[in-house]
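After this come two complexes, each holding chain A, first together with chain B and then together with chain C.
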Partner chain A sequence: MVDVIATQHLTIGFGATRVVHRLSFSIAAGEVVALVGESGSGKSTVALSLMGLLGRSASVEGSIHLSRKNGETCDLLTLPERRLRAIRGNDLAMIFQEPMASLDPIYRIGAQITEALAVHRPMPQAALRTEALRLLRSVAIANPEACLSAYPHQLSGGQRQRVMIAIALSCQPRLLIADEPTTALDATIQAQIIDQLRQLRAETGMAVLFITHDLGLVREIADRVLVMYAGRIVESGPTEAVFGAPRMPYTAGLMRSRPRLFAETPVRIEPIPGNVPNPAHLPPGCAFHPRCAHSQPGRCDSGTPEPEACAPGHQVCCLRWREIVA
Partner chain B sequence: MTAPLIAAEGLVKHFPVRQDVFGRVSAQVQAVAGVSLAIAPNEVLGLAGESGSGKSTIGRLLLRLLDPTDGRISFAGQDVTALHDRGLRPFRRQAQIVFQDPIGSLDPTMTIGAAIAEPLRLQGMANGPELRERVGALLQAVALPAGYYNRHPNELSGGQRQRVVIARALSVDPSFIVADEPVSALDVSIQAQIINLLEEMRTRRGLAMLLISHDIALMEHLCDRIAVLYLGRVMEIGPARDLVRAPRHPYTEALVSAVPEAARAGRRRIILRGDIPNPANPPAGCVFHTRCPYAQPDCSRIVPEMRPVASGHLKACLRDDVP
Partner chain C sequence: MLAILARRLVWAIPGGIVITALLFASLAGLIGSPAALMLGRDATAQSIAELNARLGFDRPIATQYLDWMGHALRGDLGRSYVTHQSVVEAVLPRLPVTLEIGLLALVLATIAAIVLNSLTGARALIRPLATLLAVIGITLPNFVLGLGLIYLLCVTLEWLPSVGWSAWSNGVPDHATHILLPVLTLSAYYYGSLTLVFRAEYDAVARRLFIRAVKAKGLSDQQVSWRHTMPNALLPVITTIGLSMGQLVGGAVVTESLFSIPGIGSLLVDSILSRDYPVVLAIGMIVVFSVVIANAAADALYAAANPQVRIR
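On to the complex of A and B.
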């Protein structure tokens, strides 16, 4: 399998504060990878860095290699803005949590869909309209003609998110980055959108980076999962391997802190004590050690764990993973 | 069933959505359209439903934070529907609320101690050293360090702020609490702390609770009974575990099947067509018929009545054979 995107030692800081530490991961064509973490873990910062949307206040080191539709491979971090613009929306597309904020309220949906098409895939006006209708149909918009001439406020939240997906898919991206795409939606609408994304992935073979804090959703859609804590990937691997037998106490803790649906007997849920650390004041050693039941004084609070393979394709960042049952 | 602590009968709430230049209402939305509920002492009732289903409005109506358009609310046998201002004070001491957003519910200029003390002062329940002592005990009850008394909300994390909000609600020693999405704004690892705290308070203080949430797994875990709302109407109400495991109403079935974990447990995923209808213009007959996979011609004409399907388990659906 070809890697669509691969980061090496991606490190991102704002001023003196580092929020992402030496992140290395890759996503193959057609693969759905979930990036899981709590607020402040740096997951959205990673997404924005892939899109080159972080702005000048951020300092980004490492590399992000993208294999483009035209066959060339380039490091996004070394490209000038002019060349990035040809990639963004074309090879890479992103959908956000709040579709209302992503659509311009004063333009009709039709204009917003054809805008990206006109830039990356120039075609006659009539063909643009036909293509826009096809895209809206592909995301199961019931009445695509009416939708084209509607303004964003005239659509429901679920319809707006479908429109965002249609725009994102308009140029057949190699990688779709979906940042909490269903968090703002109702349960039955979330089910529709997830179903849609799954179908589109099967049809187009695009890779998907799915960012979420919802472990249940991850288990449903992701082939592989990357668990982030305090700016680092602390565990990664095939979804069922990671959730079936988590090796990092943080991953195991997250799973135990949610009530389970259809639980046989009422199980008391076990919270992770303490709070998510502030990126400006990270604890020394393993950033999770103050909240970890397995932490060992003199060890976990001094050495920073490096990723180690605990099974094929399954990596964990824990000094004690061999000794403990997380 | 024991005598209910709080009961609502035929609750209706309309909100104006359009007014002309003279302030006359030309259109209104029926946020709550005839809901009857009862909660026993020490019972947790869950209100499930999607946005626009009226669950938050019902919570506010039960607490008399909103005036119902129609219907009656009684608390401990007393009709509180018509009470106002001063007359409501004893009721306010008994019935409290915890909101979703702990930042919006705390005054940023007030210390944590002052925020928790305020209801006690207003109710004239304590002052001076006794007040300070009671606030200290409340901080301890929600597992916050005593030193937080003089801190401000911005110095606390989201989970800690939610603890303060819970301490403040408990300060007047209420017998009933409405918890409106109490953990949805919190990180996963923090949610469990608050869920366990709510459970502990319920057991230790014998609280009755209305838990408003969209999180089915959380409700199955925390509630004795669940009521499922759709467009301001109760579709199904019953014991929490029965309702989640064996839903009797097509909407409940779809709602539970939309939980990602349900698919892994072997449940067939039911994808509902279309969007939730506009509550200002609800469908005729059964309000769910436009999205119901089992709808028949009668469903668009006849409004289904609530009817028992098992002991303590009712549904509003014309069909017996589904789901």
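On to the complex of A and C.
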């Protein structure tokens, strides 16, 4: 399958502090990839860098190759801002964590849905309206006509996130970046939105980068998982492989720290001790070793682990993964 | 919007009564016996008392106020002590002059403050200049700025006629060249305060999450600014304009005196200097009501511009 997006050695820094280190990953057409990690691990920074929305204070190195709808492949990091704008909202779209705050309070929903369309595919006003109605129906808004003329404050959180999804889908993007799209929503609404996303992915064949810290969601929606820790991908692979046999102690720790409501026998929640390190003062060696139960002095605190394949498609960054398995 | 306006205007009535009463009482207290003023220093106590009795100034202040209010409601604001002209006739022809200069200054200041502070990219490089102008506008007193402009443009460069007034009937070019400097002078302070209010709000709006979501749609920085950041930052500007509009007459005092413009402001100065009590009172009343009306209009406009207030 064709990769929609592929990063090579993506490195992001703010001033002297590097927050993302040599990240390489790719997402194929139609694939749902989950980017998982604790808060502060650099997930949202990666998402914003793909969109080119990090702002001038960030320095981004490496490459981000995107295969566009028109068949062209380009490196987003070398494109001038003018050409990036033609891609943003068109080939690449993003939905955000805070649906309550992500719509402009002074415009009606209709105008906000058609805004991206009007920029990327100019068409007459009547056609825009028809398209907006179609989009609202596709995200299962109950009364699309009333919704078009509503203001954001008149909608519920779930409705607003549906509107955000409709906006993101308006130009049929190749890749949808969903940055914790359900974190701010009620559990029932959360399930509806996830269903919606899954269904839309099946209909449109777009790729999805799903950013979350909710491992339950990952198991439901993702084909592949990238586990991030302190700005690095520490384990990646097919969802079933990573969940079934996590090789990196951090991934295993994340799994054990997750509440499991429906386990047959009650399972203790074991939080990972300590906190995500400050990116300005990363520990030497493996960044996880101070919190790791398996770390060996003189080994884990000196050499930085490189990704190694432990099974087909399943990669891990751990110096001791072979010993730990045994 | 009309309902809000109507409600505010109804509430303005008791406010107007209280404020005119205070104005009336304080002027009466300050000026003392009007008859003594009118007759001059050589007047005898008896002639003063006679004139006071004839004009009704021997009555209690409350009675005088009610009497004045009764006449005012019928459109009669009395006669000037100095020219014996009807106050309404003295004030009304000067009102359009003050309003024209004031409104032009306010419009100019608003447009300049919004446009200069909504630019992005390379054009945003003029922002330090816009801020410098704002600081100058706020800190430099009107009479200093006005004198500076007169010296530069009228005396040194001889581009404009210095002072005085030219009515519309003398032709638009002549009118425009006479009105330019007073409008510029008066707009400087408005520009400064509007810039500070708008700039602070603009920066706050620019940090809100929906701006990032709008950028993700592929809009250019300037489109994001014109369509989203700037309109959202306008709300406090509307309130500030409402407050400034109320001060138009007050703000005109210095500028009109400086440029010898026959408006309300210069009339107020002349009337105070000659202790022309009825004229001062009438102008005070105009100021009070223009403040009330401008604030009511700003509230209504604010509601119209903000869907969260308009639609509940």
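Just so it is clear, the second predicted complex is superposed on the first by the 325 of 326 C-alpha atoms of A that agree within 3 Å, B and C clash if a C-alpha of one lies under 4 Å from a C-alpha of the other, contacts with A are read in each partner's own complex, and residues count from 1 in each chain.
The rule is simple: a contact is a pair of C-beta atoms (placed from the backbone, for glycine too) under 8 Å apart; a residue touches a chain by one contact, two chains touch by 3 or more.
It should be emphasised that the depicted structure is a prediction, and the values quoted were computed from it without experimental measurement.
Enquirer: Determine, under the contact definition given at the top, whether A:Met164 touches first (chain B), second (chain C), both, or neither.
Expert: Once the two structures are laid over each other on A, A:Met164 reaches chain C alone.
Enquirer: Between chain B (first) and chain C (second), which does A:Pro266 come into contact with in this model arrangement: first, second, both, or neither?
Expert: first
Enquirer: Looking at the overlay, what does A:His120 touch: chain B (first), chain C (second), both, or neither?
Expert: Only chain C is touched by A:His120; chain B is not.
Enquirer: Look at A:Ala101 in the shared chain and tell me whether it touches chain B only, chain C only, both, or neither; answer first, second, both or neither.
Expert: Once the two structures are laid over each other on A, A:Ala101 reaches chain C alone.
Enquirer: Considering only touches as defined above, state whether A:Leu53 meets chain B (first), chain C (second), both or neither.
Expert: A:Leu53: touches chain C, not chain B.
Enquirer: Between chain B (first) and chain C (second), which does A:Asn275 come into contact with in this model arrangement: first, second, both, or neither?
Expert: It touches chain B, and chain C stays clear.
Enquirer: Report for A:Gly205: first if it touches chain B alone, second if chain C alone, otherwise both or neither.
Expert: neither
Enquirer: What's your read, chain B or chain C touching more residues of chain A?
Expert: B
Enquirer: Figure out whether A:Gly89 sits in contact with chain B (first) or chain C (second), or with both, or with neither.
Expert: A:Gly89: touches chain C, not chain B.
Enquirer: Contacts for A:Pro284 in the overlay, against chain B (first) and chain C (second): which applies, first, second, both or neither?
Expert: neither
Enquirer: Per the definitions at the top, what is the overlap between the chain A residues touching chain B and those touching chain C?
Expert: The answer is that chain A has no such residue.
Enquirer: Note which residues of chain C are touching chain A in the complex, please.
Expert: 208-210, 212-220, 223, 228, 231-232, 305-308, 311
Enquirer: Using the touch definition up top, name the residues of chain A that touch chain B in the complex.
Expert: Those in contact with chain B are residues 38-39, 142, 156, 158-159, 186-192, 194-195, 213-217, 219-220, 253-254, 256-263, 266, 268-273, 275-276, 291.
Enquirer: Okay, in this complex, where on chain A does chain C touch?
Expert: These residues of chain A touch chain C: 51, 53, 85-90, 93-94, 96, 98, 101-106, 115-116, 119-120, 151, 153-154, 164, 167.
Enquirer: Where on chain B is chain A touching in the complex?
Expert: By the definition above, chain B touches chain A via 50-51, 157, 159-160, 187-193, 195-196, 214, 216-218, 220-222, 244-245, 254-265, 269-272, 274-276, 291.
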